[in-house]
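As written, the chain order gives the labels A, B, C and D, with residue 1 at the start of each chain.
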Amino acid sequence: MVKPVDTPVGRLGLSICYDLRFPELSLWNRQKGAEILSFPSAFTVNTGYAHWEALLRARAIETQCYVVAAAQTGKHNEKRSSYGHSMVIDPWGAIVAQCSERVDMCFAEIDTSYVAELRKMQPVFAHRRSDLYSLHINEIDNDISPMKFSDHPIAAESIFYRSGLSFAFVNLKPVVNGHVLICPKRICHHLTELTDAETADLFIVAKKVQRMLEKHVHVHVLARRKGDFGGQPDDLYKNLSTHDKDPQVKPRTQDEMSAEAALYREAMKNL
Amino acid sequence: MVKPVDTPVGRLGLSICYDLRFPELSLWNRQKGAEILSFPSAFTVNTGYAHWEALLRARAIETQCYVVAAAQTGKHNEKRSSYGHSMVIDPWGAIVAQCSERVDMCFAEIDTSYVAELRKMQPVFAHRRSDLYSLHINEIDNDISPMKFSDHPIAAESIFYRSGLSFAFVNLKPVVNGHVLICPKRICHHLTELTDAETADLFIVAKKVQRMLEKHVHVHVLARRKGDFGGQPDDLYKNLSTHDKDPQVKPRTQDEMSAEAALYREAMKNL
Amino acid sequence: MVKPVDTPVGRLGLSICYDLRFPELSLWNRQKGAEILSFPSAFTVNTGYAHWEALLRARAIETQCYVVAAAQTGKHNEKRSSYGHSMVIDPWGAIVAQCSERVDMCFAEIDTSYVAELRKMQPVFAHRRSDLYSLHINEIDNDISPMKFSDHPIAAESIFYRSGLSFAFVNLKPVVNGHVLICPKRICHHLTELTDAETADLFIVAKKVQRMLEKHVHVHVLARRKGDFGGQPDDLYKNLSTHDKDPQVKPRTQDEMSAEAALYREAMKNL
Amino acid sequence: MVKPVDTPVGRLGLSICYDLRFPELSLWNRQKGAEILSFPSAFTVNTGYAHWEALLRARAIETQCYVVAAAQTGKHNEKRSSYGHSMVIDPWGAIVAQCSERVDMCFAEIDTSYVAELRKMQPVFAHRRSDLYSLHINEIDNDISPMKFSDHPIAAESIFYRSGLSFAFVNLKPVVNGHVLICPKRICHHLTELTDAETADLFIVAKKVQRMLEKHVHVHVLARRKGDFGGQPDDLYKNLSTHDKDPQVKPRTQDEMSAEAALYREAMKNL
């Protein structure tokens, strides 16, 4: 899942062709700040005339984004023709530019102030009932800034995975080999404070990390660890504090931690 | 979130008016077996002509459901007029019936074999990348059948909450007061076997149960419990086995368990 | 040009397929009282998705008629597929019923009171600038009622041709062989009283009759006759009156006249 | 009726707003060479969303012209709002540019080679059944070139009226005062050679000239004249020839004729 990118005309969400049939992707792009959605495509003539315009317009309306949909046109061979009809749709759902039924170009103005105006007028993303439904996306966050675990600073080098709402990092004083922590990006002191989306993200990342440790690092995951690092950061912190106070346990150097994190980071990629 | 209901013409998903702007609801209805989506509405004239048809058609196309959208029409008072244009759309996105611009009725045939045919031809719900994104819905399942926890039968009376993919039940031999279990409906022996959707659902239910216990039953949730009941059912089961073997611990009667479950069941409703 | 026919659900204008591209036909059907236009068709897929709906809706809107368009669907052979999408459109332009993309049927209510209401609300046919433009249709009127030429009754048997606005008949006391008369159905005493449409119709019929007489009856048309019978019925009548008063000239019997008219009537068909 | 005008981007037919509901005007513009139709408009919101797009697209498709439709938008006062949605449609019926629902501008490329290509591919104007229907437009032709009456040259100064297919001029040797001639622009030697459109045009102009002579010049129109000048140019010519050969009859000077034509020309304007 590639996050929207900033362009001179606005923040652009990247999808193609068949993605258009999956509203989840467009909603996520909007959540990640997209003002424009792009759908370079090669619809068939048959699905093109039946679905192309309605789906593009709906994506624009429901995400309040411009939709820019370049599309192949004409005959590829005897059996396959593409529908064409490249179009640009404004965030209110109007087709503001469309190519003619042949090789063609079209132009439209992208005005992000119009996007902002419509979102203010009808704040559908503020109206979502996040207590009733939430969309989880396995987003990989390539950010490299340091984070906080409660009020403890965590060096970027110690972090080996970042999702949309969570991050995973190695332990200063691991109890056992593979003793890592996963916590929500937003600082919460209790599981019940997490939103549904954060809860989902946290444990999906936990599952992913567990899979990595078992498959790629051959670390046995202890039963109690799961609940600890994700479920109750505060309680975990208490445990860690006790652990910390044990003079027998020496804190590791950042280099040691960075090396372990690097190992895991690589292993996460191969998952 | 009300699940689709069975009707003589097919399984019917229930949404209204503004819900139309939130594709998540329609997707979930489809996932719960809907063949028809209904949207009784009162759109304004302005949003009606701009959005009504495009959104309804897109919902039909992306969920491969018939869409039946009854709509108020005409002037309510000096300031408010409704758009009308009640319509029925087939699962390929064609408007198969529409009311004229006045008080009117229209008729359409609902043919669920067409729904089945289109879904077979273009299986978009099988093509979803559940490893990349998943939609969590806080669904309340009113089913009353007994369940299984690993190979242990759990009486319906012991179960106090059922979501779409998980269920929560009281313990035969609770270690402490409020010692309950939450597990996925599908029998899995390891966290990593859970799909993302099951993982999200399991821990969102766990959070909900924890909130209930703390708010409504004033039970303190122990740190280790969370991971136990949700994360690693097998390991938990080992613990429970040991606990079971302790001759000091007497299993409770079903009546005792049913009473506790009834208490929690009621408290979950007040959440 | 076949005039609209009365049916139990309203007056029905008959056109097919390619006719849809010629607004003249629909306008004429409306002028002849059509409340419903029918267009049984077999559009290709390509022209179907590009033009079918827009043209049908425009015909409905501009004529304020229901449009009922049955359409072949599916593959005829390797090279040809028909677009389908049979639809019924109301006189305000809304698609009130449409077939799904396969062999299908659809139903719609035809409410001629709605037709009447819309025509009253927006009387576009009364707003036509008949002084600026008029549509001439070579309509063959199969009516068999007697007519009037000024205040002279003309037996149906004497009439050998009726167009939309004119009729042609044989003479009681012909000056020469082939001396026939063509006059507007509406009684006018002066050319300048004729509408443009009547003027056009009168002289197009005159031309048609002249062609018939020359080609099929081998009658030489005299120069002065043309203006006489069409242009200035009154003046002609004066001439005829004088002619009448000539005791030498014997009026013909109706049988003689009917025989001549029958000859011409037949010849007009072969034109 | 203003004829299309040549512009740097193509020949432009001029219509406005309510004209859109009258296909005759667009057909005539196409017949007069338009490649682009313009419809600056102020549709109401209600008729806008119901009719604007369908009618504009149909005009483009049936005339195979670009349609450029600038449109007022927004609230004029408490009671009246305009629909906006200025748009440009290509000759295949696709919306190639459209303004957003607010004060806006849009751009589209006009490619007259596309117009030509589509007209060649589907020659609907060559397919018109001119023997069955014809559209008469009271077109005023402001051309100033000399014409021919049979093989007689007629000076521009002698011509006092030009319609689309006919012209009216004063006589070299008038038999009586107001003895004028009306003849088709295309040289025909017999009434039956005229197309229906030429026949309609010729006699509608004749009627118009007669009305002018009677109302504005107080000339009594003789019965026999009508048929003469319009119906049978050849026979008229014979008469004129005889008349010409009469040594008593002196041909008028061009100045005399120009003066009479100028009088009539002015009177035609006041009709």
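The criterion applied here is as follows: a residue touches a chain if its C-beta (ideal position, glycine included) is under 8 Å from a C-beta of that chain, and two chains touch if they have at least 3 such contacts.
Please read these numbers as outputs of a predicted model, since none were measured by experiment.
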In terms of CA centroid distance, which chain is the most far removed from subunit C?
-> A
So which one's got more C-beta contacts, A-D or B-D?
-> A-D
In angstrom, rounded to a whole number, how far apart do the mean CA points of subunit B and subunit D lie?
-> 67
Taking each chain's centre as its mean C-alpha position, how far apart are subunit A and subunit B in Å?
-> 23
If you average the CA atoms of subunit A and of subunit D, how many Å lie between those two points?
-> 64
Provide the list of subunit C residues touching at least two other chains, using ranges where the numbers run on.
-> 50, 92, 94, 101
Contact residues on subunit C for subunit A in the complex?
-> 45-46, 49-50, 101
In their shared complex, at which residues does subunit D touch subunit C?
-> 1, 18, 21-25, 27-28, 50-51, 54-55, 57-59, 61-62, 92-94, 124, 127-128, 131-138, 191-192, 194, 196-197, 199-200, 202-204, 206-207, 210-211, 214, 223-228, 230-232, 235-236, 238-239
Okay, in this complex, where on subunit B does subunit C touch?
-> 85, 90, 92, 94-102, 105-109, 111, 114
